[in-house]
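For reference, the structure discussed in these notes is given below.
Read from first to last, the chains carry the letters A, B, C and D; within each, the first residue is number 1.
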Amino acid sequence: MNALIEQFARIVKNSSDEDIDMLTDYLRNFEKKQQGAFSTYLSASLNMTRKLDEQLSVVSIPNTPFIHNTMAIPHGGILAVLIDTAMGTLANSKCPEGFSAVTTNLSIHYLSVASEASISAHARIIRNGRQTMVIEGNIVQEDGRHIATATGSFFIIPKK
Amino acid sequence: MNALIEQFARIVKNSSDEDIDMLTDYLRNFEKKQQGAFSTYLSASLNMTRKLDEQLSVVSIPNTPFIHNTMAIPHGGILAVLIDTAMGTLANSKCPEGFSAVTTNLSIHYLSVASEASISAHARIIRNGRQTMVIEGNIVQEDGRHIATATGSFFIIPKK
Amino acid sequence: MNALIEQFARIVKNSSDEDIDMLTDYLRNFEKKQQGAFSTYLSASLNMTRKLDEQLSVVSIPNTPFIHNTMAIPHGGILAVLIDTAMGTLANSKCPEGFSAVTTNLSIHYLSVASEASISAHARIIRNGRQTMVIEGNIVQEDGRHIATATGSFFIIPKK
Amino acid sequence: MNALIEQFARIVKNSSDEDIDMLTDYLRNFEKKQQGAFSTYLSASLNMTRKLDEQLSVVSIPNTPFIHNTMAIPHGGILAVLIDTAMGTLANSKCPEGFSAVTTNLSIHYLSVASEASISAHARIIRNGRQTMVIEGNIVQEDGRHIATATGSFFIIPKK
């Protein structure tokens, strides 16, 4: 344990301002996960927040250097994480007791670069079948710019 | 700085064995990034390794709880990160000087749950045009199980 | 020529009621094409009608045995013809003089079986760029049933 | 009946050489369908031929003006018909007795314009599950040019 703390102190000492921001975010969200505010390490790392109602699921993350690719813009795969999470949350909310929904297909069109401080994916159901669902997902900025549009197929299986 | 180290010590004290594993991985890879071994925070967090030759790009990550969803299996979006990175690395390696490739479309079929300790995505070019590329990506396990198959479209733009 | 007419007479003699319906449709639309009402043999065969305004393109065909597969339901590929035509018509209407739009990617989810007498695909623009467009297409029945949803990418090229 | 034959004679009289070619093809294949050589009006119109073995399904059509769009190149939707038919034939050949496979998703990338006299789509299975299948389809010319690549999802349902 002490070795870990020493390593952390050394990392802090060698940190740029951006590194400190990243470490600060990471610790805050890791501690929140320990307190039950996040269900997975991944959602904690991404500082993911979710809203869900009957029709719509919205998942948001801050647009920080943590999710940037080598071109310093949000990694397309992370937008896929965001969209798939919004879709999956909605799909699972529609499953009968004892069943869950797994993604079988995800198709995303990337339209523009996300430039706002927060990125939100909205999901809504296109087809709500007994064994399969088709869900639409979109990332649209507050300023109206359309960042990505996606469709996903989900298969409904008994929970293990 | 001291507040950050105190917070880290508190997190360590409150950690499960799995938490300690996650923190250990995170610090090791964050420090490696400080030493230049990773180009982005995301690739460091995922402990991403890359191989690239004329025909093929391979990107691998360890299969740890960091990438798991609430069902304790690798998040489909993280597989998208992996596949998109393998594709993008290959696409960029084919761009002429002063140009880079951006993903315009990514379509993934999820076939099975990744169960091995390491997950690798392979990308190969289907169409290598002057303005657009189409790339195929696959995640196949060492035991032969096919985890995901994908196609991506890339658009070639002047670097900023 | 006489041989062709003799062959046609023989075919008519050997025809079922359904065959006669198909031949009747075919001749009517072929003759309309000769009179300039259709621009291609394919659109004549499918008896395709189009509506186009600033925002929306609608393409319709009758749901006859001509488009049915071996299960006696509309062939998924023909729905793709319908959707791609609606999208392409809209894309081309947005191209500057001397340019045309070609489909680079088409992704369709089939949701239900089309059961009404007419099938219509609607297309609307999601992203209208200088070099690429992304267009959404849907087939929705008059009774509200959603038959198919699709997205397509178009690339804008100089006309030959 | 006589009215139909008279109409046909009038159409022949007003025909261009290309019209005559189209009518000749249509009658030949319609008559073949009457003799049992084609199972649907659509496959007759397209003059579709199929090969199927354990691993692979191949469906071919001639590249004639019948399938051309307004740019005088094969309509992307018709390539979708071809690919979907190759995939569906293979999928159905793998279904247990009393079940059939329906397309739930089809995603096609168009890579080049088909320029040879015949166009063939090859399909092979990527995932052969009990309830779903994923199939890859490609159109590749004899000269090696890659025309289109596609993936399709199929759902296995009891026959009605």
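Everything below uses one rule, namely that a contact is a pair of C-beta atoms (placed from the backbone, for glycine too) under 8 Å apart; a residue touches a chain by one contact, two chains touch by 3 or more.
For clarity, every value in this text was computed on a predicted model and none was experimentally measured.
J.: Same or different for chain C and chain D, when you check if over half of the residue numbers at their contact belong to both copies?
T.: At the contact between chain C and chain D, which are copies of one sequence, the residues are largely the same (over half shared).
J.: Is the number of contacting C-beta pairs greater for A-B or for B-C?
T.: Between the two chain pairs, A-B has more contacting C-beta pairs.
J.: Starting from the mean Cα coordinates of chain B and chain C, work out the distance between those two points in Å.
T.: Roughly 41 Å, centre to centre.
J.: Cα centroid separation between chain A and chain B, in whole Å?
T.: Distance between chain centres: 15 Å.
J.: Residues touching two or more other chains, restricted to chain D: which are they?
T.: Each of 104-105, 107, 109, 153 in chain D touches at least two other chains.
J.: Considering only the defined contacts, which chain B positions touch chain A in the complex?
T.: Where chain B meets chain A, its residues are 1, 4-5, 7-15, 19-20, 22-24, 26-27, 30-31, 34, 39-42, 45, 65-71, 75-78, 80-85, 88, 100, 102-110.
J.: How about chain B: which of its residues touch chain C in the complex?
T.: These residues of chain B touch chain C: 104-105, 107, 131-132, 153, 155.
J.: Can you check the complex and tell me which residues of chain A touch chain C?
T.: 107, 109, 111-112, 126-127, 134, 136, 146, 149, 151, 153
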